[in-house]
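The letters A, B, C and D name the chains in turn, as written, and every chain counts its residues from 1.
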Amino acid sequence: MSGISVKAGGISLETPGILASGILDENGYTMKRILQEGAGGAVTKSIGMEERPGYVPPVVFEAHGGIINAMGLPNPGIDNFGDEISKAKESSKPVIGSIFASTPEQFMKLAERMVDYGVSAIELNLSCPHVRGFGAEVGSDPVLVKEIVKNLKGSISIPIWSKLSPNVTDILSIASAASDSDAIVLINTVRAMAIDIYARMPVLTNTYGGLSGRAVKPIGLRLVYEVKKELGLEIIGVGGISTWVDAMEYVMAGASAFQVGTALWNHGRSVFNEINEGLASFMNEHNIKSLAELRGVAIR
Amino acid sequence: MSGISVKAGGISLETPGILASGILDENGYTMKRILQEGAGGAVTKSIGMEERPGYVPPVVFEAHGGIINAMGLPNPGIDNFGDEISKAKESSKPVIGSIFASTPEQFMKLAERMVDYGVSAIELNLSCPHVRGFGAEVGSDPVLVKEIVKNLKGSISIPIWSKLSPNVTDILSIASAASDSDAIVLINTVRAMAIDIYARMPVLTNTYGGLSGRAVKPIGLRLVYEVKKELGLEIIGVGGISTWVDAMEYVMAGASAFQVGTALWNHGRSVFNEINEGLASFMNEHNIKSLAELRGVAIR
Amino acid sequence: MMDHVRVTRKVRDTPTVFSLYFNWNRDVEPGQFVMVWVPGHSEVPMSLSQTGKEKCLTIKMYGDTTKAMDALEPGDFIYIRGPYGKPFSRVKGKTLLIGGGSGMASLRPMINEDSTGILAARGKEELLFENEFHDGKAICVTEDGSRGIKGIITAGIDSVDLSGFSMIYVCGPERMLYAVYKNIQGKTENVEFSLERSMKCGIGLCDSCSVDGFEICRDGPTFNMKQVSEMEEFGRTRLDRSGKRIYF
Amino acid sequence: MMDHVRVTRKVRDTPTVFSLYFNWNRDVEPGQFVMVWVPGHSEVPMSLSQTGKEKCLTIKMYGDTTKAMDALEPGDFIYIRGPYGKPFSRVKGKTLLIGGGSGMASLRPMINEDSTGILAARGKEELLFENEFHDGKAICVTEDGSRGIKGIITAGIDSVDLSGFSMIYVCGPERMLYAVYKNIQGKTENVEFSLERSMKCGIGLCDSCSVDGFEICRDGPTFNMKQVSEMEEFGRTRLDRSGKRIYF
């Protein structure tokens, strides 16, 4: 299936579907298996400076057409994550290190360690609460985003991807601020929650969570399309992809590659190969030699 | 079913489910029928100063768990809408006049005409493009929202509801700006789009549209909960309600009443009576005398 | 969800009416309709004039959209969603199919050995599907008298004994439906009308197709005599594309 | 989707183990588990120790959450979702059920006239479901020798002829499973282990329960001898709640 190999965000992918951050990517053995079973690359769970246990369960809720999660960024801390990356790399496929922090300095430290661990690219999770603003996310502050990205691009040798939140009034100002990145990754989860009427309380321990899965595909597609159309940036699409048709929609909206997360839940690991095969046979049928030919063709 | 009658946003409703703006409320005969078949009130289609035909179809797309629409605010203009309201009022139930405009002055003119037509309340559709900002919505500009609401509250004698967009970074600043309203209506549709991979183009003529239906319930629920918890304002919930359980979730999140739109598509007009009966029997079973007792009980 | 289907055949039925044939794996019953999209043009409602495995759209050239459809050739794709709406009820015994203009399109799947047709048009070239009726059971009515009875459709109705039919099905523009309704009223209750109004969503959300609080796309397009007789808007008033009330 | 169910009976099985009975309209097969939530406390995975119309959770008091469950009385509600995971395979012939600690909970639905049990505990009061085995076919092993064989669970295994069983099912803490695995290795291939690791999502998303790239909540919790023998992590290493690697 050489036709579906792509170059995206500064790296080469044998197959265009990447495992999204936070789903089945805490343990190196899991990433390795998923990479061996059809994923073109894997983004690690978002890793921060310190070890964090995450929130007490319930941390997920099965909503209509998707999942609401509030894991609470559990992670072993950057110092404890090297072995997992080594294990995942035994697949000989690219591993992308996702990192989260509140300040440009922390992002820099985390990125440097990720480089030491041998990742192929860094993905900045710009969707965590920060301190400068009040209650807002790092990724909703264009000034901070610009500073973080500029800082990293000045000294990190591998590609930098910026993963943005859909929970903003104006995605274009944020994406512009991140435009030095090698790719914009869209979208993270959509703010949401679940209530149980018999328990008379929110289900997630954290009350608020993020919606992902099929329900958010139209939202992600729109953000990818808009950013590609208006700014022309390199984009990696994510949000609700569970079939090759979904993936193709993202490509036609302008994505160079795509990530799959929640679909692992209802499709299992085989989702990557199913998507790969669907894309290849569509391209074959329509006589398309490379996925890149279809990138952004839907943009009007 | 006296237990489910509520006072909400300054008006009394025999049953707590209101027909949402833009769905089956262009023709007075339709509103009348829906009111007679179980809706407690009906919000009209959003009406502006001038007649507008709306966008050329396709204007809707059936997505997973919802609908993406870009009707383009078709409406006959405020001068041509009086007869429809009169017809709807033959049901003897409250009709709420939805209006859209770009300036406080236009909102005022529209509201005055709606009062003349005998509506029970005005709903401000604060989700249309305006000119002051660039590409943004009226409803994402707190200064403008405050001005519009203040202006109206100063001279219109009937209740004013402010319907807000979920497509904002910080709902609390917008809701605060609208806090003089008799109710905050949450949510309007979530920005979204659909692409057809065979046509290789966006399906909606307008490219971008708004997602509604079951897919957005977790998003709406969260905004209602957050605004109620943080600001304590009177809220009317809308977004993805299709069963009595959904409606009860909104009530427990803090809504005084709720609206139903997209569910008319897969459930038909009977959705209102199904919800009414479900709520009444739940309340009966749990020995609850009035829906107001359950308002906001899930808030932690 | 939209399906893309390939046009397999194209037939010119009259100077202004043509049919596009295609295969589509959905079950459709006579009287139901689909929303048809030719990218770059408006999406419009169309009945299916053939409902077996091979489906057919029979289209009257009218404005921009139907002209764009006329530019399609076998091999081209059209995009359809549906089927939508309530089908005609099926009965045993003799049936009468009354079609004005392109109205015979949605009645065509009901043509069989027990059915008689009343076909009305301006002139004989515009008569649709006359030859599909068995043993010459097609009564033609033309305004110019070029074929069959000279006059309008009600003249055709007056020429038959309505009591001989288990069900009468009527399809055409609303003004014609109203004339037929007035004509038949009091003679028999066994009548179903297929109503047409401008449609935007096709799925019961936008209210552009409603008549007396019924959505034609969902509660119809087929309505029986009793339902139609209780309607205040039918034949009298409707909303235009913006929602402005207009009167026939 | 979460279901709320009312506890109908509560039984104290041992000083530290109790069972909550309830009716739940879902089909469950032995070996599957549910996520159980008592509002205000952590949601935790639990096997079903009865899988007919009346279901049962058999719970070992351990930390805060299981203590909160012990405070429940008949009439109280618990919230459950599932069932999740791959059940044990069912075979014809004699079976051996090996359960350590509360491990016998998930094996209980498989007890029948053809099954022999090996029950291990610290002392006799902690032996679970001994009386549910037919005709005294329960081999007890206690560390303090207060009942049956004195020793650890492998002593019980050494006392039986494994070749007489069509299938051996093993459930308990991973360290015990590993000891059993080592003991049985080379003697028979017809073994299924039910693995336990900390679970957060229960549905194959969070990776907290994985072993060698398999999610216990989805690919397991039951794994056969061959699968287990190919695992590098099994019995040796796992991630803690934060994702930090720890070694047994």
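Note that in this section a contact is a pair of C-beta atoms (placed from the backbone, for glycine too) under 8 Å apart; a residue touches a chain by one contact, two chains touch by 3 or more.
If you're wondering where the values come from, they're calculated on a predicted model, not measured in any experiment.
Among the remaining chains, which ones contact both chain B and chain D?
Touching chain B as well as chain D, we find A.
Rounded to a whole Å, what is the gap between the Cα centroids of chain C and chain D?
Here the centre of chain D sits 65 Å away from the centre of chain C.
From the C-alpha centre of chain A to that of chain C, how far is it in Å?
Measuring from centre to centre gives 50 Å for this pair.
Averaged over CA atoms, how far is the centre of chain A from the centre of chain B? Could you give it in whole Å?
One centre to the other, that is 33 Å.
So the centre of each chain is just the mean of its C-alpha atoms; given that, what is the distance between chain A and chain D in Å?
36
On chain D, where are the residues touching two or more other chains?
In chain D, nothing touches at least two other chains.
What positions in chain B touch 2 or more of the other chains?
Those would be 201.
What pattern do the touching chains form: line, ring, star, complete or other?
Here the contact pattern is a line, an open path with two ends.
If you go through all the chains, which pairs of them touch?
Pairs flagged as touching, ordered by label: A-B, A-D, B-C.
Applying the document's contact rule, which stretches of chain B touch chain C when the two form their complex?
Result: residues 23-27, 29-34, 45, 51-54, 56-62, 67, 69, 71, 74-77, 80-81, 83-84, 196, 198-199, 201, 203, 205, 261-262, 264-265, 268 of chain B touch chain C.
Mind listing the chain B positions that touch chain A in their complex?
Residue positions touching the partner: 63-66, 68, 135-136, 140, 167-170, 190-195, 197, 200-202, 207-208, 211, 214-219, 221-222, 225-226, 240, 245, 248-249, 252-253, 282, 294, 297-298, 300.
Which stretch or stretches of chain C touch chain B in the complex?
1-2, 4, 35, 37, 39, 42-44, 77, 79, 81, 199-208, 210-215, 218, 232-233, 239-245
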